[in-house]
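In what follows, structures are represented as structure tokens.
Paired with chain B in one complex and with chain C in the other, chain A is shared by the two complexes that follow.
Here is the complex of A and B:
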């Protein structure tokens, strides 16, 4: 242990801690460009110079280990003068095209210049011209002139993804960041280089010129792209709705969580939010009459659906209606879905997972092969694995008219079963209900369509594959008449004559935590922003379908 | 003046209101006589030094505008006729009335210019003519020197101005006052040439 004093504050730190890390622990901000806690230390940018007593020269805070009795000053005149000088050097060849730079507003050259620089340039020579606006991969745009050569992106590709696409070429003030010849920055984590780039050298091609960053609001959320549950921030544009063709969600950024994704997220998740504002969103409850579509009010839709289900169950018994919930749904939805269909109506066939025809692949970093955010949550709630109740069996019994009604949530079955099989099964059904956010081949065929919200438009929790319950928050208003899935289940229960005492997703979770041992003791407060890890033994649970049935018809 | 003086009690002489009434009558009569004489003498073709009060018969006559007056916006152009605007959205950000709507796009095949406005709309029905947009612009791409004051329409949509409209506008120098060497205004109210 070493006791270090920074700006008069004392701190005990582990041996090997650097001054900048100790300052971060104390909440003292030392400017940095090249230092990133997730990458190796190079001491390249020199902006983090601090004054250490009994050392004749200023030292870089990122590369100087804290030693016992060290006294550091981060704001002395000498330090501020050095920062001004470093900023002046960094700006020698910087093009200052902030008006057209997407980084403006979250640029650390701008920020530190406003804090420390504010001087007129003393440079009389012309700026060195370099390459501008080069697409160096599917997601990243490089502007070499803006680069300050901090090498964060180079180290990211070397150390985190180990794909080694980027390097610094040439010498002196002609040094230039570029991908190696013939190589594209096409790894599935390339978007992170944009996040860690402190200036506008690497910018997002997807986000390019869509809006300006200061128009965006931020809401903490969880990536719905796979079962890892990376912590993210949704950047959404609430006021200037005419930008970016009316898309409200502008971009997703990773949110630091030491236990899950650290600072990173994959490109599949990062750019996989299009569906939130897509044309294909289902906006109103509707009913199919032959080839006609009739828009219904929620009240009428719920009555019609409740009638269809209860009639079929009354005529043919509780085995005659099958429900396929989805691992895309939050814990709250799955819990209420189970309550409604399994415990209240007493349906026997309750499925949840539908494996795709062509399984996805995961990678060694963050992305898993299971592209659903909440499979684990479903298992913990006792919903059957796909090998216990499979879609193929459901369709089989549908063809044989044992199942007469299907209620499918979210799944695009076209990706899971051959079209012919689906057609054959659907044609035998008395009714097909689809509940989901975006249209797909099931919603096209469905007799009733119930529009649900996306993850960005509601509160809820997902359980990651590692058994971590994490909250996501509502960023934007539900599109059209869409409702959160749990609220649809609540309305349906009401139409069937059962009042459920839930008014917020939080209420549903409280009931869930009361009932399920695995989630015992949790609430939205204790889950917080970084999630709550479930104990490892909490996975076994009697499947819902073996529960004692109480039919209320 | 101390605020308490406002409540100073009136003297007896003031309470009669006679001094106030007489002072007012004197002022009115003076202006009446002066204007009548001045205008009569001028109508007879005599050059009188003191002018009578002037009513400009707008809109037949237009009063020359002062150069600092902020009028209808225009967008300036580069030499090749394309807009100078780079869609940085500074004006849109600073606008207190939120009446500027810019949608940016990438300029294809232009090495020097990356970003251009796809559309640039101003809702003059909301605009408060504060001129912040002109101040904020880093490219001198927007100015309020068209001299156009007469902005009206039969509906709200008619108050919208798009990029092409504002690019086509020119500074109307002849609407503005001219000064002589001593800085005095030499322009007279004029009849506008309606083209």
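Here is the complex of A and C:
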């Protein structure tokens, strides 16, 4: 251990801690461009120069280890002058094109200039001309003139993805960031280079010029793209959606979580949010009569669906209606779905996962092959692990009229089975219900469509493959009349004559935690923004009550 | 007059060959060292000699060698810095041309002292003839059993690899040199770790200048005390002063450290060309702060020059007569550093180009008085704030030219203003 004093504040730090890390621990902000806690240390930008007593020269805080008795000043005149000087140098060849730069508002040249610079320009010479607006990959645009050569992106591609696409070419003030010849920045983590670029050199091709960042609001969430559960922030535009063709969710950004994704997220997840504001969103409950679609109120829809289910069960027994929940659904949805369909209605056939025709692949970094955010949550609630037979069996029993009513949540069965087979099965059904956020081949065929909200429009929790329960929060209002899945189940229960005492997702989770040993003791407060790791021992499943009966699956 | 050590070979025909070198006593010392001395004894002797790093930084050579960790199981390397690129400096070229085997013998002794079985000579790309000569003479030494397994019949294995640079000034900075040697872009490393702990290929490495190593055989032959007795305090022996510019007899002069600058210019180099008057002297390569005609009674050793705010550096003495346009002279210097800044860290990358542009503007008669203050400010903001010494190397001349010859700069600025009016 070493005791270091920074700006008069003392701190005990572990050996090897650098001055900038110690300052961060104390909440003292030392400006930085090249330093990033997730990358190697290069000391190139020189903005983090600090004064250390008994050292004649200023030292870079990022590379100087804290030693016992070290006394550091981060705001002395000498430091402020050096910081101002480094900023002035960085701006010598900077194009100062903030009015047309997409980074404006979240640019660390702007921020530090306001905090530490505020000098009048003495630069009257011509600036070095470099390449502008070059697409260097499917997701990233490079403006070399804005680049301050901090090399964060280069180190990210060398150290995190080990894909080595980027380098600094040429020398001196003609140095330029670029991909190696013939190479594209096309790895599945390329969007992170935009996040860590402190200036407007790397911008996001998907996001560029859609909105000014100061119009965006931020809501913590969890990426629904796979079972890793990367912590994210939804950046949403609440008032100026006309700037982005009505899209409210502007972009997703990774949110630091030491246990899950650190600072990063994959491009598949990052750019996978289009469905939230897509034209394919299901906005109203509706009923199909031949080729006619009838918009229903929720009340009428729930009555009709309740009637269809209860009539079928009454006539043909509880095996005659099958429900397929989804690992896209939150713990709260799955818990209430199980409560409603198994416990209250007593259905025997409750499925959960549906394997895709072509399985996805994961990678060694963050993305898993399971592209659902909550498979683990379902298993912990006793929902069955998939096996390929289940869907085939389901369709077979439908064809043979053993199952007469099918209630499918979210799944696009078109991704899992050939259309012909589906149609053959669906045509034999008395009713097909689809509950989900976006239309697909099931919703197109369904007799009843119940629109649910996306993850961005509601609160809830997912359980990651590593057994971490994580909260996501409502960022934007539900589109149209869509409702969270758990609330649809609650309404349906009510229409069936069962009152459920839940008003918020949080209430559902409280009941879940009461009932399920794996989640015992958790609530939204204790899960917090960084999630709660379930203990491995707590992961034993409570068998779903359906298991007592004969099931097709 | 003190006896010459290296430069006496400059006048001997074929002095670069093994035969001629041996006729003049070459390769005796290494054999004595291998037979009779322990590595530590060699380090001690060199420490005693007060031999300084003659590349420019002047760090005591023996002390540098002693930084090699004793308990590190990795191989150790010796790297000879032959990237001689400092404007005004041309000594190492002569050493390699005429004292080729003296350098190789010095490398053998140094390698033995630090426990290195492999050494590299990193030579600047423009030194084509010197690289060819080294390759040819190293091959000759290898054929004679002087390099390779068990040199001179001892148990000490030693070999030398010549690595040619590609012409970047920055690769003379020892850590950039190591990066380049490893096949990477020549960007200086952050220190610590210092090369003695983690140098070439992650192994303990000593980087020494050509001339430094070339003095080692003589030190080991005549003794550290003898060598220390030649120079001034803490500055052992002699070195090759390269005098260029407006003197009657430009050239290399091997003189004891501490020889007064006035003596070098007026006695050895024959005084100012064409009977003109002296205006300024750059005492130690283009990076060293410029001296006025009133400052040349300084002793040419590290401490004496530091005391008057300059440095001995590479001992490349550049003499300017009073016809010299000092603004243009500074422009040449800054154009060089702007061109050679590696671009890795901010102050040097941006400051050198900015400064050159301002000086160009002054030369274009578009300068302002505020430009002069900005030049000094730029220099001071670079100084001490960069990863490697290139920043200081650019900033020191910048500040010293403008402050010491402010009158010349102001005259140029006001001339521009008058013409514009």
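In the analysis below, the second predicted complex is superposed on the first by the 540 of 553 C-alpha atoms of A that agree within 3 Å, B and C clash if a C-alpha of one lies under 4 Å from a C-alpha of the other, contacts with A are read in each partner's own complex, and residues count from 1 in each chain.
What we mean here is this: a residue touches a chain if its C-beta (ideal position, glycine included) is under 8 Å from a C-beta of that chain, and two chains touch if they have at least 3 such contacts.
All values reported here derive from a predicted model rather than from experimental measurement.
When both complexes are superposed on chain A, chain B and chain C end up sitting side by side without clashing. Of the two partner chains placed by superposition, only chain B is touched by A:100; chain C is not.
In the superposed model, A:129 lies in contact with neither chain B nor chain C. Within the superposed three-chain model, A:212 lies in touch with chain B and out of touch with chain C [touch as defined at top]. When the two complexes are superposed, the chain touching more residues of chain A, out of chain B and chain C, is C.
Legend: residue contacts after superposition of the two complexes on their common chain; A:15 is shown touching neither chain B nor chain C.
In the superposition on chain A, A:299 makes contact with neither chain B nor chain C. Judged by the touch definition given at the top, the superposed model places A:174 against chain C, while chain B stays out of reach.
Of the two partner chains, chain B is the only one that A:242 touches; chain C does not reach it. Between chain B and chain C, the shortest distance over C-alpha atoms in the superposed arrangement works out to 24 Å. Note for the complex: chain A touches chain C at residues 41-47, 49, 57-58, 63, 81-82, 85-86, 88-90, 92-93, 122-126, 128, 148-149, 167-168, 170-175.
Those residues of chain C that touch chain A in the complex are listed here as 168, 170, 185, 190, 338-347, 349-354, 357-358, 361, 370, 374, 377, 381, 384-387. Taken together, the chain A residues at the contact with chain B in this complex read 97-100, 104, 132-133, 208-210, 212, 214-215, 239-240, 242-243. Taken together, the chain B residues at the contact with chain A in this complex read 86-90, 92-93, 98, 101, 103-106, 111, 114-115, 138-139.
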